Every structure is written in structure tokens, then in C-alpha cells.
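In C-alpha cells below, several structures.
Here come two complexes built around chain A, the first alongside chain B, the second alongside chain C.
Now for the complex of A and B:
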């Protein structure tokens, strides 16, 4: 195998496997001088590099990506099973029709492994990067390839802010693939109905409801958990981000991300005080677990479980928390649990905090660009939506009636709302030393060791990298 | 295999002998036995918990501890069925079976290569005197200080792009990233310093007379190595083989880095780490997979364990 593939490397292996038998057969047949048989043997798509075959029937929609049959595109991402299974199913027909195989690898060490592989000269063809900060870091290695024109035009179906997140030094590098929404509060519609509570639509309603529940004596209004292995602390960063965005709007939020507004600045300090009165309020948390300190020791996966028992009423957590409810839990407007939109903590118009993934290319081979183009289309997004729930695209061209899951519908509604103020999760935008380092640590100390807001701010500000 | 008794008996004389006796006596006391049993139980409890959890249905581990399985026994084999044979759950055919084979294909050569190289190197460094042999040994010994993580990126660069000074290629692009070859080479490289050090200390203690007798009779160094050194060094070789086998089998970092995204060569550990799911929800699959992964090293350990204790002492006791 290696002797024949030579310098072309292991990636083209399947290509060789595909063409070599043909070549051998061809030689035999030519010797027998039966030219008609030869034509029949080679009529499959394996000669695609010479003439683009035309795809018919169900495959006709993939015509734009035809002509690369027998090639393999490697893809590396942080999405692992069961979510990655749905992902692979979503492009099964694409692979079947075009003959482009997507060799997918998901790893929960993605963030560190990608850096190692790229600087080691072993970059994947495509990487699905969930942090704009990491994308910028990859661009600095000069290994990232600019997307083809079709991807760029498909990207225009997303809100303009998304393009900004995938742009480094004025160049657009990666089209977003999926989006998730973090500005949600999980609650039990059944319990709310029994107690006669209304879903709050303003921040002051939310606060007065919390106070009402706290005095009712039936559990505590809020529960939370920020423990998450080596990433402990991240849910707490979301709480602060929600408040900063809701209270002071997109401009302050962006300044905060770039450290023009420091953690010790009055506005961020004020936002921290708001969080302090909310998630660090001993009378309000931590329903079903204990005091404020238990927030630091409760895993984010377990945080919402007391809602089902009635020990806790609300949990601020992202749309993907849906997967954490025990099997058999009904999720829906009349079910055991559902989510409402977290109202703005201030005057910002419909603040939506969320995340997403960006398809980044490290190769400009035509088949890689074909996959890149396909993944940026609304057609692919719709194919993915049909496979399984729990996945949302913020592509405005995507047919929203395809979402079957109430949480997906809710997320899609806010993510594609042209009037909403969407901002990416700030900790994913800040330098890694802060966003996935010092901020997590300091926030965990805030909950676990009772640090005050000045201490937390000082600790993070002093750790901010100077360059 | 009567050597242990012969090796141990001369130690019993003299001042060190009485110390050994005292230690042995205190180890034989009932209190020590109770302590040992207690420690063993303590050490086994987590593994046992893992074992029970692997039979519990999906979601059970998230809501209650494994010990509750005794009060409400609700056990299933479906986790093992899923992990071993269910293709749909992992996006590849045949569950973790192909990865089990990959792990064996990585581990066995990655154990044999450093073993054979290190044995020869150890013999030469111990018994063939040449200029700078001590310095060389010291240098190799010192290489143990280099952390593996430090070498990952340069080694990966070497595998995929070769080594260059300016435009001059010192080593051409090897194009072996994402193949078994890169994994074998990486594991062999990382194992050699410790292997040479361990085996050197053992081989250096083989009585000089044996080797000299061989050389006087006209045997070449290779002949001496093959017919005298190798049989006598078996305990040390076996001990190192176990070490290396367990290390490579359990390795995740090297596998993740050098297998480079090709599922055809990824070891079992890489698959295991993905099994728990994006948000850590599939505990039942992880535990079942982990138990399957344990079986092979356990078999290796039990079949070679009689060498293990003797090999551990290699180089530590004169005798």
C-alpha cells in the first residue's frame, strides 16, 4: 500500500484503493482488445477528475459538489457521540451521491490537540472550532486556508455579527455551522401552573418571582452547578455575561471582551453585584443542594435535577442542557420541564447570548472546498435538523418548521430574530488564559471561597495577557 | 526456576541479613496482614464500583450510587452489547472491536521494539568498554528527565514534514503520521531511556566470570549476549515488558496525537475517551468499555506476574 501511494500520504489511500483495481482490469482488458467492455468497466464515477459526472434523481441536488468521487476529507471536532452520530448521518446522502468520504474524528481534547496537530504539520482538512479565540490563534499559524466564494456567499444568510466572529485581521476565515442559545431559564411548567406563577418577561418580574418563591417556603427559587471537571466555573461566566449584555448592551460587552472595559470597571462591577444578588443570594440558592458554596461542587449536569423534585424552581442554563434531563422527562410548554427566555437585566433589546461552531479549512483541495460549501448551505442544515433534535442553525434561510423540538424552536426563534442583540459567549472570545483559565478559577473562588467582587475582578484583570 | 531461593539465602548472613529478617518478621505479623487486606479492599472498591456501574441501565449512575444496585438489583448486559457490537452508536462498524485490535497492533510491537533495542544497548553499555561509554550511559539516563509532552510537536513535525535547515532537507518527509509506524516509533523513543537504565543495572550485575569465560572460549559479543545474558536477564526483561505493555496500552496522549484522526489506527483509549459523550452523559457505556479495556492488561499481568516482583527489585539489591 505504502509503496504505491508514495509521497501522496495516507490521506489519499482510499483513492488508490479505488482506482488501482480499475487500472489492473483495464490492462487485462486492453490485452484482450475488447474496448467496449473497457468503457463499461470504467463508467462509474472513478474517472471524475477528467469529466464531471452528472448526478441524477435524488442526487441531482448535489451536482455542484460532483467530480471528486473516491476522495476523503478528514474532519476534526469537539463534538462526540451521540451528537456526532447525528452529524455523520446528516451528510450520509452527500457522501453517497458525490463519493466524497468525510472521515470524522471527535475528541474532548480537541482544543489542545488541534494546536498540537496543526503545529506538528498534521492538520486535519477541516476543523470545527467552537471558540473564535481559538480560530484567531490558528490563523496566526498561517495554516488556515480562506474559504471558497460559495461558502462566503452562503455565510451571508447568518446575522452579520457571526461574520465578525469568524474574521481575523479583516479576513473572513470560517463559516458557522451551528448555533446554540444560552439565554434560557429552565423551569417546570407543571409546578408553575400548580403554584399559580407566571413566566416572567422582564428582569424585575423575574426578581420579584424569585423573592416570592423564597418566602413561600417551598424550596428555593434557583439552583446552579458550575463544576465541570477541568472546565469548572464556565456556567458562572455565562451568568455574568447575560447580565453584562442585558444591562449595558453590545458595545460594553464588546469592550469587556477586548479588555477595554476591565472587570474592575464600574459597569462590570455593577453587573457582578447583580449576579451576587441573584446566584449568590443565600435565600435564593441552591435549591435541592444546600448553600451558596454547593454551587461550586455541583456538576452542571446535575444542577437542574431538583426542579423535577420541586426543591428548586429555576435554572439558568443553555439550550443544550436538554440532553441532561433523565430519560422519560417531558420537555415542552406543558411538560415536566421547559425553558423561558431570560429577560434582559436592563434596557438592551432582546439580548441573546450563545455559541456556535466554525468550519475551518486547513487545505484547499477541491473536495475539501466542496464539503466546506455544502456545510454552509441551508440544505445541509435542514438535513441535519431532520436527523435528530437538539441542533439549531442561525441560518436565516433554514425552514424553521422543520424543528420538532420545542427548545430548538425557541432557540431558533431568538437566534434568527433580526431585532435581537446576539453576542457570542464572552469567555470563548477572551484570550484562553482568561476565558478558559483565570476567569473560571476566580469565579469558582467567588462561589466556593466567598471572594468579594473586587477580589475576583483584581485576580482576573491582573492575569490578562499583556500582548 | 529455583534461582530465587539461591539468590535470597546468602543475604541472610551479616548485619544486613538481620535487618531483612526483622522486616520480614514484621511483615508476617497478623496486624500487617489485616492492614494489607484492608488496603487491598480499599484499593479495589473503586474498580468494583466501576464493574457494578457497567451493568446498570442507562441513566442509573447519574441518579444513584452503584451501591444502591444491591438493594434494587436492576442489572443489564445491554451496555456491553452496545459497546462491543452496536455500530450505530459510534459511527463506525462493530463498536469498539476494531479499536481493541488497533490497540494490540500498537502495543505488541511498541513493547518488543524498545525491549530488544534496550537489551542490546544495555549489554554493550555494561560490558563492552569503549571511550565515553560511561558518559553515553549517563546521557541516556539523563534523557528520562525530558517530559514526553515536550517532544510531541517536534516529533509530529518530523513524521509529517521531515527535518530541514533552511532549504536543506536533513531528513526527508517521512509521511508516516496517522499510521502505526509513527505510534511504534514514538512509543519506542519515549521508552528507551528507562528501559536501557533498568536493563543496564540488571545486566551489569551478572557475574563477570560468566561473561569472561564465554569470551575466553572464543564467543563473540553477540554470542555472549544471546546465550548468557538473555536467559539470565529474563526476569528484568519480563518486568520491563509488563511495564511497557501497560504504559502503551493505557496511553491516550501519544495515541491521540500520532494516530492523527485516522480511525483505522486509533487505540482503544481514544475511543474510550469519546464514549462518555459530549456532556458526560453516557456513564454506562464508559464503564462497560473501560472494563473491556482492562481485560487484556490483566491477562498480561497475571501471566507474567511471577517475574514482576523479581524484576522490580532488579538493580536494587546486590546478590
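Now for the complex of A and C:
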């Protein structure tokens, strides 16, 4: 989803000077303690050594995490009920077998609260961070702990690009937990069948289908909405990101994120023109709402509703849009609504734009590492999939037959496709001044006030932080 | 799953207890120090008496003023000369940005429009209402009704007006009151009100006028009633009627109140934030200074630009406040 990576500020002072002496003293104490323990163990035979208990039966699969019974690991995340209930159910058996309790706390205000807690010396053991930018910000505080070896090797089941998003200054910090897919187009299979339309598999098919619908006189081919309170504009950034990635590929996309390629560069300008001919095309939008400008005042939640009435045929929106359909709407390949993969706008091989969350550790206690290791395994992902639908992992080892929801199945197929070109949502990666500031504003003006692409680009480029 | 006491809850409880203890201590210390100072000041006699009294009575107010107003203001001015995360001095670049950047310019122009139009319209309408309603029976009922919007917060008012300006394509069921009314009156294709620039600025001003007219009316009505009867009688004897009465007697007599009402509404307008944030978020060419200041600081995390806008806003409010004080002083001297 969109992000409000709310933690750019002067909170980057190194805390090393303060923590090091304590850490050293604690290490000495621990050494002394274990030495005496060892001595005690030697003198009294086997008594005193903490032998790892062996788990049996259903619990045998958790043997690797045994030996930390009675400990508690705190976890802080932006995921709130009911999604967080599914998370807690997914590790209930792990807790039962290993005795490690995971104390979970979810907050709507996670992005700003995490920074406050970490710099206040009150960091959770584990934090689930949805924006790579925020992760980098946390690493700057020197409080983030490197993951254990097992987590690192488990991470290799994800596409290599994921490792890059969790890597700051050459060090890998956090394994991804879940993934979502944005390269989808919502449509009505029933309406398509009645009208005799085929699901397009190439960009030119998509464009000619749009033109065909536009001249058919039955509604407009596309609908859209970018209004979202103070985050107004974010769906429009997704449209541009899809086109940049599909047309020019991962390298240009990465350069664009780091501002090596400016918004005013010919390639990005060309991508904006493509969006202009698509979502700003007066003949093609905004089905069920009015003209192009209404995209700016339509909420993203409402945008797809005209598809159900036949006023509009297609909506580009992420997998999580599934939750927005009215209750009773059948979602599936033969249902009222479903989604198809948005074909590449150019020669990029299977471009997939998406997002995800990263499990970040602020403690290296063995039980914390055990939880970290467990959450990075395909076994945990499968346990989570079995609890409830609407959740996808991009771990390639996960058994895809476990997904029961057709949108989850579709998302998982593309997210784990080794031949796809996956990229993280660019506005989550850009500096907050752009990614949750000027880009949203300028793109809203593009739709609402008829700014041209040069004007939009100039506005965003000039707002890019100089440092 | 039956869990023992949630560790976070336990932590919060002990946290709260220790914080309560700390604040208790702080209050005790405060009273203790206060007592000592007052006793000491009371004992001081002779040459020390006067300076001591001044310090004791004025000190706390000055300290609070410094902590709450002067120091933050100086810090804001200081920060406005630094970059986004306040790590490098960039001299006047933030100000150059504020006066040359397209969207910042828009915010400045809009704010100027707002302070020129909204307060004047609200005051004039308030004056008209005060004069007209005064002659009606049941005037308190009408006055309460006109005053009522004042009791609604700007956010609440904005949400109400959002429904008024709501747009649906012609031919579909209309949800916006304004569209529905003008369509019934024969305008078949009304615009999307909130998107039509520069009209949208004036439509937003209507909300401010709607909410402030009642205030202007109540204050001005009181001022009109306070005009001494003998002056009015004398004017009548001299033959003043209607407009002459209004322009020669009533207006000059309530001039000061009029200016206070006008400047008060102007200051409210300068600080205008809630209406813009709720209605448009500063999009569609309706940005104003206060909202841009907030967005720059808390959305874009650019403390420098945010501070520069705050300083400009401060500089704008200053003459208005100053004029109000001068006026108040003059009035006091007359009496």
C-alpha cells in the first residue's frame, strides 16, 4: 500500500558511544556467569547444563527452535485486527511447542511510533516494517541487529531483489514476511463474457480493447480514483510506476527511484505520456463518475464500484482492493469481479510491482533469533496461509496449492515467478518529501488542474531533497 | 488462549504510576520553591522591596512567555535558514523558494485573497444582520440561528459543506445540494465545484463567512445597542433619517468595534487550516499558508521550508495584532 514513512528527521545521531561500555560490561558479566555455571556443572556432573529438550509428535518440526521455553519476544507492527488475529493464530502451535511467547502489538501509528520507541531506548524485539525507507532510517540509529545465519539462508527463497530492499550500506538486515501485488487490473468476467471480450495479454491488446469499449457506447473502459484523504494521489503514482517498469525495465526504474533518472528525463516523460493516453484519456475515463477530473475527487475505495453496474469496465488497482467490493460480490474467474495481470507496457519480461513487510530485529537474544528464523521459513508462511485468505508470501518454496482465494493464487503466481521482474513500489522507496509529498500533489494537479507532463515533472524534480 | 497479564499493559501501568509519582513530586517542589520566594519577597523591605516585588510578580509570566512563545519563535526563525533536516545553513534559500516556487506562490496568493475577502464579507453581512434583525420580533431566535454555525468546528463545517459541493455527472442521481439546486433552476451542466479553479477558493470562503457572520453580528449588535440614546435623539432632532443616520451616527459610533471584529476574523483567516485540510488537502489550487506549512513540516519532513512559511505567516499576523493593540490603547485613553 501507500506509505507514510514518517521518520525523516534529525534522529540519526550515533548511540554507539553510549551503549558500548554497557555492552562490554554485560558481556564480561555473562562470561563470568557462564564460567561459574560451567564450573558448577563440572563439579556436580550433568546437573545444571541446559540440555535442549527434544520435541516429539506434532511438535517435532519445531526442534530447531527448542530450548527457550518460558521466554517472551515482543513484536510491533502496523498490522491490526482482524489481520493481526490471523498472524497470532499462525504461530500458536510454535508457541505451544517451543514455549516462546510472542507478545504482539499492532498500531495504526506504527511509522511514527517506531522511531519514537527506538530512539527512546524502548525498542521492540522485532518490528515488522513495510517501507524499505523506514528500515534504512532505523538502521541509522545503530539499534538494528543483524539477522541470524538461518534467516539469511531462508531469505534466499525470495527473489534476489528482495534482499536488496532489506540491505542498507551493503549489510542485509531484515527478511521479508509477506508480499502484495499491484500489477493487476480488476474487471467483471461476467460482463466480458456477455460482451464477447477476451482478457488482454499484451499492452497493445489492452489498448485496443479499451478503444473498442470506448466506441461501443456502453460505459467507459476505465475508472479510477486517487482521492485518499491526506494521501490523495498515491494510486496515480502506481500507474506511472507500472508503465515505467513495463516499458523501460528494472534498471531505469531503480535509477528513477534514486533520482539518477529525473522525472523530466525523456524516458520518464514518455512513460507519463503513456499514462496520459490511458488514464487521462477523456474518451476512456472515468466510467460511472464523469470526466477525467473526477478521478481526483473519487476515493480509491469507490473507484471500482461502477464495474458492477456496467458503467465502467476496468480498474488498475492492487490485490488488496479485493476487500473493497461490497459483501456478496463473487470474486473469481467466473464471478462478478476478478483481476487479470496488467501486461507490460513495453519489452520488460513480466514486470511485477508490489510491496511487502520486513521483520527487523532490535535484539539478538536466542529466543528472538528463533522467532526470526521461524518467520522466515516456508513452514510458517504455509501455516499463515492456512489460517485465512488475503495473505501472500513471495517465498518460492511455499506450496502454492494451499492458497484458496483466486486473487491470492494469482498474486502468488506472479510474485514467485523466477522470470518476473519484481520491483517495490517506487513511492515507498523515494524520500518522503517526494514519495508521500510532492509526487502525490503534482500528480493530483495533473488530473485535477490539467497540468501537462513537463509541469508535473518540473514541480517534482525541484522538490527533490538536495542531500 | 488464556494469557497472563499482558507485558505491555503491565509496563504501561507501572509507567503511569511512576509518572504520577514524578508529577506529584514536581508539584510539591513547585509549591515549595514558590513559598520560599514569596516569604523572602515579603520580608524584603526598603530599597529591595520594589525590585523584589516586580521580579516575583512578573518573573513567572515572563518565564512562561519565553518558554512558550519567544524561544519557539526565535528557534523557528533560526530553523528557517537551515535545510530540510536542520543540518546545514542555506541562508535565504527557503524564502526564495517560498516566493518563487509555483505552488508556494499559489499558497501566498490564496492566503492574500482569503484575508482580503472573507473577513470583509463576514463583517458586512454581520452588520447587515445586526441592523435588520434588531427590528424583528423574536430577534433572539434569529440571532441564535445565525450564531449557531460559530459553535460548529471548522472540520465539522467542512464536512457539512462537502455534501453541498459534492459532484455527480449530470443525468445521475445528484448527491450535492448546490448541483441539485442549480440544475432545478435550469443550469443543466454545472461544473465540478471543488475542482473549478479559481471558483473553488471562493466556495471555500463561503464556509468561513457562514461560520463567522454570526460572531460579527452578535458583537456589532451589542455595539449598536450601546450607542447612547441621547445622541440618537439629538440626531433625530437635527433631522437625520435612514442612510444619513447610519453613515453619520451609527457607523462612526461603532467604528472601533467594527475594526476589532474585522481584524479578529482576519487573524482567524490567516491561520486558516482546517477547512483546506478537510475539503481539498491543499490540492486543486486551494493551498493556503498554514496548510502548506504543516505539509512541508510533517509530510515532507522539510523543517526549513515549513519554518520559513511559519515566519511569513507570523509576519503577516503581526501588524494586525499590533493594530488591534494600538486601537485598544487609544480607546482606553479616551475613557
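Methods note: the second predicted complex is superposed on the first by the 418 of 467 C-alpha atoms of A that agree within 3 Å, B and C clash if a C-alpha of one lies under 4 Å from a C-alpha of the other, contacts with A are read in each partner's own complex, and residues count from 1 in each chain.
In the analysis below, a residue touches a chain if its C-beta (ideal position, glycine included) is under 8 Å from a C-beta of that chain, and two chains touch if they have at least 3 such contacts.
Remember, predicted model here, so these are calculated numbers, not experimental data.
Engineer: Tell me which partner A:120 touches in the superposition: chain B (first), chain C (second), both or neither.
Structural biologist: Touch status of A:120: first partner only.
Engineer: Once the structures are superposed on A, label A:323 by its partner contacts, choosing first (chain B), second (chain C), both or neither.
Structural biologist: In the superposition, A:323 touches chain B alone.
Engineer: With both complexes overlaid on chain A, does A:289 touch chain B (first), chain C (second), both or neither?
Structural biologist: second
Engineer: Using the superposition on chain A described above, determine whether A:74 touches chain B (first), chain C (second), both, or neither.
Structural biologist: Touch status of A:74: both partners.
Engineer: Touch test for A:109: chain B only (first), chain C only (second), both, or neither?
Structural biologist: A:109 sits against chain B, while chain C stays out of touch.
Engineer: On the A-aligned overlay, A:302 touches which partner chain: chain B = first, chain C = second, or both, or neither?
Structural biologist: In the superposed model, A:302 contacts chain B only, not chain C.
Engineer: Quick check on the superposed pair: does A:333 touch chain B, chain C, both, or neither? Answer first, second, both or neither.
Structural biologist: After superposition on chain A, A:333 lies in contact with neither partner.
Engineer: Regarding the shared-chain residue A:92, is it in contact with chain B (first), chain C (second), both, or neither?
Structural biologist: The second partner, chain C, only.
Engineer: Answer with first, second, both or neither: which of chain B and chain C does A:437 touch in the superposed model?
Structural biologist: second
Engineer: Which chain A residues are contacted by chain C in one complex and by chain B in the other?
Structural biologist: Common interface on chain A, chain B vs chain C: 9-10, 74, 103, 105, 229.
Engineer: For the complex, which residues does chain B have touching chain A?
Structural biologist: These residues of chain B touch chain A: 58-59, 62-63, 88-91, 152-153, 155-157, 159-161, 173, 175, 177-179, 256-257, 260-263, 266, 270, 273-282.
Engineer: Which bits of chain C are touching chain A when the two form their complex?
Structural biologist: 1, 3, 6-8, 83-88, 101-103, 167-169, 192, 194-195, 197, 277, 281-285, 295, 299-303
Engineer: Write out the stretch or stretches of chain A touching chain B in their complex.
Structural biologist: Residue list for chain A touching chain B: 2, 7, 9-11, 74, 76, 78-85, 88, 103-109, 113, 116-117, 119-122, 124, 229, 299, 301-302, 305, 320, 323-324, 326-327.
Engineer: Quick one: which bits of chain A touch chain C in the complex? Just the residue numbers, please.
Structural biologist: Chain A residues touching chain C: 4, 6, 8-10, 72, 74, 92, 101, 103, 105, 229-230, 232-233, 289-291, 293-294, 296-297, 432-433, 436-438, 441, 444-445, 448-449, 459, 462-463, 465-467.
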